[in-house]
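So that you can tell them apart, the chains are marked A, B, C, D, E and F in the order they are listed, and the count of residues begins at 1 in each.
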Amino acid sequence: MRPNDRAVDQVRPIKMTRNYTAYAEGSVLVEFGNTKVLCNASVEENVPRWLKGKGKGWVTAEYGMLPRATHTRNRREAASGKQGGRTMEIQRLIARSLRAVVDLEAMGEIMVTVDCDVIQADGGTRTASISGASVAMADAFQKLVAQGKLKANPMKGHVSAVSVGIVNGQGLCDLEYVEDSAADTDMNVVMTEEGKMIEVQGTAEGEPFSHEELMELLALAQKGIADIIEVQKAALAE
Amino acid sequence: MRPNDRAVDQVRPIKMTRNYTAYAEGSVLVEFGNTKVLCNASVEENVPRWLKGKGKGWVTAEYGMLPRATHTRNRREAASGKQGGRTMEIQRLIARSLRAVVDLEAMGEIMVTVDCDVIQADGGTRTASISGASVAMADAFQKLVAQGKLKANPMKGHVSAVSVGIVNGQGLCDLEYVEDSAADTDMNVVMTEEGKMIEVQGTAEGEPFSHEELMELLALAQKGIADIIEVQKAALAE
Amino acid sequence: MRPNDRAVDQVRPIKMTRNYTAYAEGSVLVEFGNTKVLCNASVEENVPRWLKGKGKGWVTAEYGMLPRATHTRNRREAASGKQGGRTMEIQRLIARSLRAVVDLEAMGEIMVTVDCDVIQADGGTRTASISGASVAMADAFQKLVAQGKLKANPMKGHVSAVSVGIVNGQGLCDLEYVEDSAADTDMNVVMTEEGKMIEVQGTAEGEPFSHEELMELLALAQKGIADIIEVQKAALAE
Amino acid sequence: MRPNDRAVDQVRPIKMTRNYTAYAEGSVLVEFGNTKVLCNASVEENVPRWLKGKGKGWVTAEYGMLPRATHTRNRREAASGKQGGRTMEIQRLIARSLRAVVDLEAMGEIMVTVDCDVIQADGGTRTASISGASVAMADAFQKLVAQGKLKANPMKGHVSAVSVGIVNGQGLCDLEYVEDSAADTDMNVVMTEEGKMIEVQGTAEGEPFSHEELMELLALAQKGIADIIEVQKAALAE
Amino acid sequence: MRPNDRAVDQVRPIKMTRNYTAYAEGSVLVEFGNTKVLCNASVEENVPRWLKGKGKGWVTAEYGMLPRATHTRNRREAASGKQGGRTMEIQRLIARSLRAVVDLEAMGEIMVTVDCDVIQADGGTRTASISGASVAMADAFQKLVAQGKLKANPMKGHVSAVSVGIVNGQGLCDLEYVEDSAADTDMNVVMTEEGKMIEVQGTAEGEPFSHEELMELLALAQKGIADIIEVQKAALAE
Amino acid sequence: MRPNDRAVDQVRPIKMTRNYTAYAEGSVLVEFGNTKVLCNASVEENVPRWLKGKGKGWVTAEYGMLPRATHTRNRREAASGKQGGRTMEIQRLIARSLRAVVDLEAMGEIMVTVDCDVIQADGGTRTASISGASVAMADAFQKLVAQGKLKANPMKGHVSAVSVGIVNGQGLCDLEYVEDSAADTDMNVVMTEEGKMIEVQGTAEGEPFSHEELMELLALAQKGIADIIEVQKAALAE
């Protein structure tokens, strides 16, 4: 039995609070059960040096975890003087996922940076980050349209992500921490709202996984992402 | 006239939400108007190397600001590879202030680290951090007492802090950002609940200040701190 | 047509030269066409601090690229003072892949570090690294068995990896650099010799990919990995 | 009794040697008893990037301590790869203090950097640094006036600083190391020659301090600073 | 007796393989016995900022050692976040040696960077690097001449280097690792093909050395360098 | 003509002031004309980890330059976050030179660190550092003997160093900055008081140098070092 009687293909209760902070062009607190991530999208009318003069925009992301987002305190990355490998891996994934749904040419020479800071971590922080960042980014673009700085929102659709995994031989959707720790296989899937894939990252933590298991996990992800997209749409409709 | 018709000696609406996150031994979201800081106190049954075997505890603090806590985005310190001078100065101040109200001998070889992370910054983040951290630390100690790991709470009382300043010749209590930017003199005062001083840091940003102005600022601070202590007590009484 | 008339499901000519350097416990120069990676496995009779006293071993990996392994010179990471995000991501992947085929309990308190240094880069350096590192690690374990330090080789089998991708709508196995740059989707697959999956990492560089495309890529990967395993076995049989 | 029969309100013998080194535009060795700090002011006809084109100058400061300025050797900050929190705090204080007595607009786009390097430390290094840096900066500006690069010296007056404290219930002026270590309260006061305050930083190291004690410390500081200003004026008159 | 019956004034078998990698403008694998260094020369049509607009070129070098080039594994410098003192010393020596044989004015505003990466280390890696880098640089310049970017090769001749030392009272040419470890005096000599000296660096590891010993070492170096220059010329003649 | 009518083989006026600072076990301000270096020797009853338990001592050195020791200000190494290549090269040279005259076995498990900090730089800072550090180290050892911690001073004699060079075809001893900048060849020689060599580092800055020129430089160095040793002995005799 999963915690809180969740079904194997059921995502945790998801909540997206827009305008969570006052200054960012897009600000969303995303909650997947006890996992809480603040996603702030910042607009800069400027692009990285290597893009200057090409008439294209850029979308990037940074990820961080408050030292006590977790059960025991982690060392603050600013204090240790560098971002760890896990942090870098995650923020590169978030940024790629966001860029996959944006028409960079249509942005003009503007840069959007989405900061995903984990307030509380109970599994699935990277996929929650992507799902929330998509909404924060949409808000930021909407603001640019409202200000007349963009003619239309350059997003081609929403991007959502979910983690799925195999625990004791059973495929599960949207793992929480206790499940994640026990998983043999852990997979993060990032999809567009049309159900096409942007990223698929499956890792055998224990036993290698078979083709059949991969198929089961993909099906669970597809179901979960459909539910997340509903929440994203509802949040933006408010 | 101050924003929101505040009186010159009036602090902003203050709110302290205990148990804001689930895992920290003490977790307080402190709000001074639009300034919001998450203070998480973590307990470790261990002390820094230079204290080992002395039968004493230690209290320390770290401070950070989310990149988009402010009107425009600041570079993430973890990404730039070091904490800036302002950050270091603030976290040293918070830590000294907290230690001033704790009987370190009575703690035994335990360390409390309070992380103060600014979610939204509208002036006075360091004084809000101290005021909130005191409550988070109290909760953490209370938990150790409840677990039988400490016989009594080693805090000698609360510590509170407020910023005061002179704007256009007028002394003001609890500056918000627009006031702070315009201040000629800016002073942070840290006090015990008995009204004794732990830290006084006054800085002439523009014109140097006179002895009389210093007296006016101290009086404003005393009044503000009395109000903050009420909120601290109320929060802990809940 | 692919360069050198390669078939879409055909890997490049692969060569694994054992004992390439003289001092490492395992040393393999792996070549996938023009991609050349030196994989040196080092044995240390010691484990990381967090593992001490648990009777278990550890396998880790580091990855680097010589500054002029590529068409234009890249800045030396030692000179810039940190490893980039890509490097960290890759070395974490190599290490996880290697650990997946080793019985860490059976190793005892020994650590194997495999350094994968890219001498020449023409696409697929991370998958070539994994494929070569598996052989270097096998040699290192064999040496420990020969010295009587281990009773048996703790590897459960070989691990191989290949990159596959979609270029102009066509699935291709073992992308070289010109193909990789043009790919819409790029996927790295790591498998055991039994054909079970250890890692699957697919990324849409351009258009998102469909379930059918994912299936096609997995089939190509399976075919390629079977060929690579032949080369691994042949190398170890010499 | 204080060491060397000093009165409670008496500063140590102070010496300011101008032109201590040959190349700096202003170079002062300041001695407060056994505390010796070399203050070198350097002029650059250039300003930091964020000030360019604004027609304003800038004054900044850096602080360092030779590894064996103290009773036992401290690690060299250049070797440990970063400046500690204490160093940053001090150099920010010195810089703010110096800027408070300079008309930055009148400087034009020129930058003055004052390096304060502690040769020997016996308490009060930050206040000695400020007091000596003021003279070194005056020399540097005088040189610019003599060269016709500035019409007049943009300094509005001297800045001086002294540390005061409470030791065993007794207020003392200009603490030396043995007194500083025993102090319950330690306060640094920075003043203009007109007796106005630029910075007041009081810290309870042991017991919190009362309003009356603060008043006593301020009076001691005022007396000490008057004496230091005499020495500054005498030095510049030579 | 020396290993492999070498005569005291005999260099190890030397091999220089040109075009060892495919992309660098000059690429030489240099082998002195078991010491193997890959020297890649990269051309950039650009100079460091401090040289811009002066119509001159620049030659620089970087040095690195693969972690397992040696008998036991050394920590990767990119992972430890900085280049060690030995690395910096060596790469500065290589760069000075190369510049000594190049007419920088004749280069125009072009920069050549030679990366010397040690694949296997058995003593004399810095002198092998210089000897190999000279050939790699010659190839890079030749390419620029062939492309019409330079009228003539700006090298004034070859530069070669060898290490000599005193082991058990006996002067030896081209020390290998076991000899180097036992040497009382170790000297690196860098010469032009005309036999003039560019660098002489002699160090007493054990006993200080006399004038006579220095003379003996210089004679051995001269003989060794003559042999190395033969190999350089032969390699370029191929 | 040399500045101040110096003869070609004449060293600058040299002064060694012992006990320059109060706390170091040995403290010497060494002046070679306008070059001034403070050499502080610190004793620690402890050795680096890799030496523990071997019954041997260690001698090391660190070198730094105050930012405004030179004609124009250099960036502070502590602020830039690392020691430059030149600094590392120099401090390694100083340390090796000092160790060459100490019987490390006779020291017992004690470490001496000599900090050489350049107050003013007018050429020859590294050789002045070595010459002054030798005296500072002698004082430190003498103190250990006086305290009964060592039976006898473990120094085998003094170590001295001088820079020599060829300027406009003329060999010169003890170059000052204007000479050094114009030198074709620059050589640092470190010798024992018996005239044996510890280090010889000659570099052709412009034209390569001949064997005859090397001989001329060595003779000049021998003469200069004899004069420096006189000053060292006189200083220690006071």
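Simple rule for what comes next: contacts are C-beta pairs under 8 Å (C-beta built on N, C-alpha and C of every residue); 3 or more make two chains touch, one makes a residue touch a chain.
If you're wondering where the values come from, they're calculated on a predicted model, not measured in any experiment.
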Shared chain contacts [chain E and chain F, defined touch]: none
Contact-graph separation of chain C and chain F, given in steps at minimum: 2
Superposition of chain B upon chain C: rotation angle, C-alpha, nearest 5 degrees: 120
From the options A-B, D-F or B-D, the pair that copies E-F, where over half of the contact pairs coincide: B-D
CA centroid of chain C to CA centroid of chain E, Å: 33
Distance from chain D to chain C - Cα centre to Cα centre, in angstrom: 59
Centre distance in Å when chain A and chain C are each reduced to the mean of their C-alpha atoms: 28
Junction residues of chain B - those touching two or more other chains: 81-82
Ring topology as an ordered chain list, initiated at chain C and continued via chain E: C, E, F, D, B, A
In the complex with chain D, residue positions of chain B that touch it: 82, 84-86, 88-89, 91-92, 96, 100, 187, 191-192, 194, 196-204, 207-211, 214, 218
Touch list for chain A against partner chain B, complex: 21-24, 27, 34, 36, 38, 40, 42, 44, 62, 64, 66-73, 76-79, 81-83, 87, 113, 115, 117, 119-120
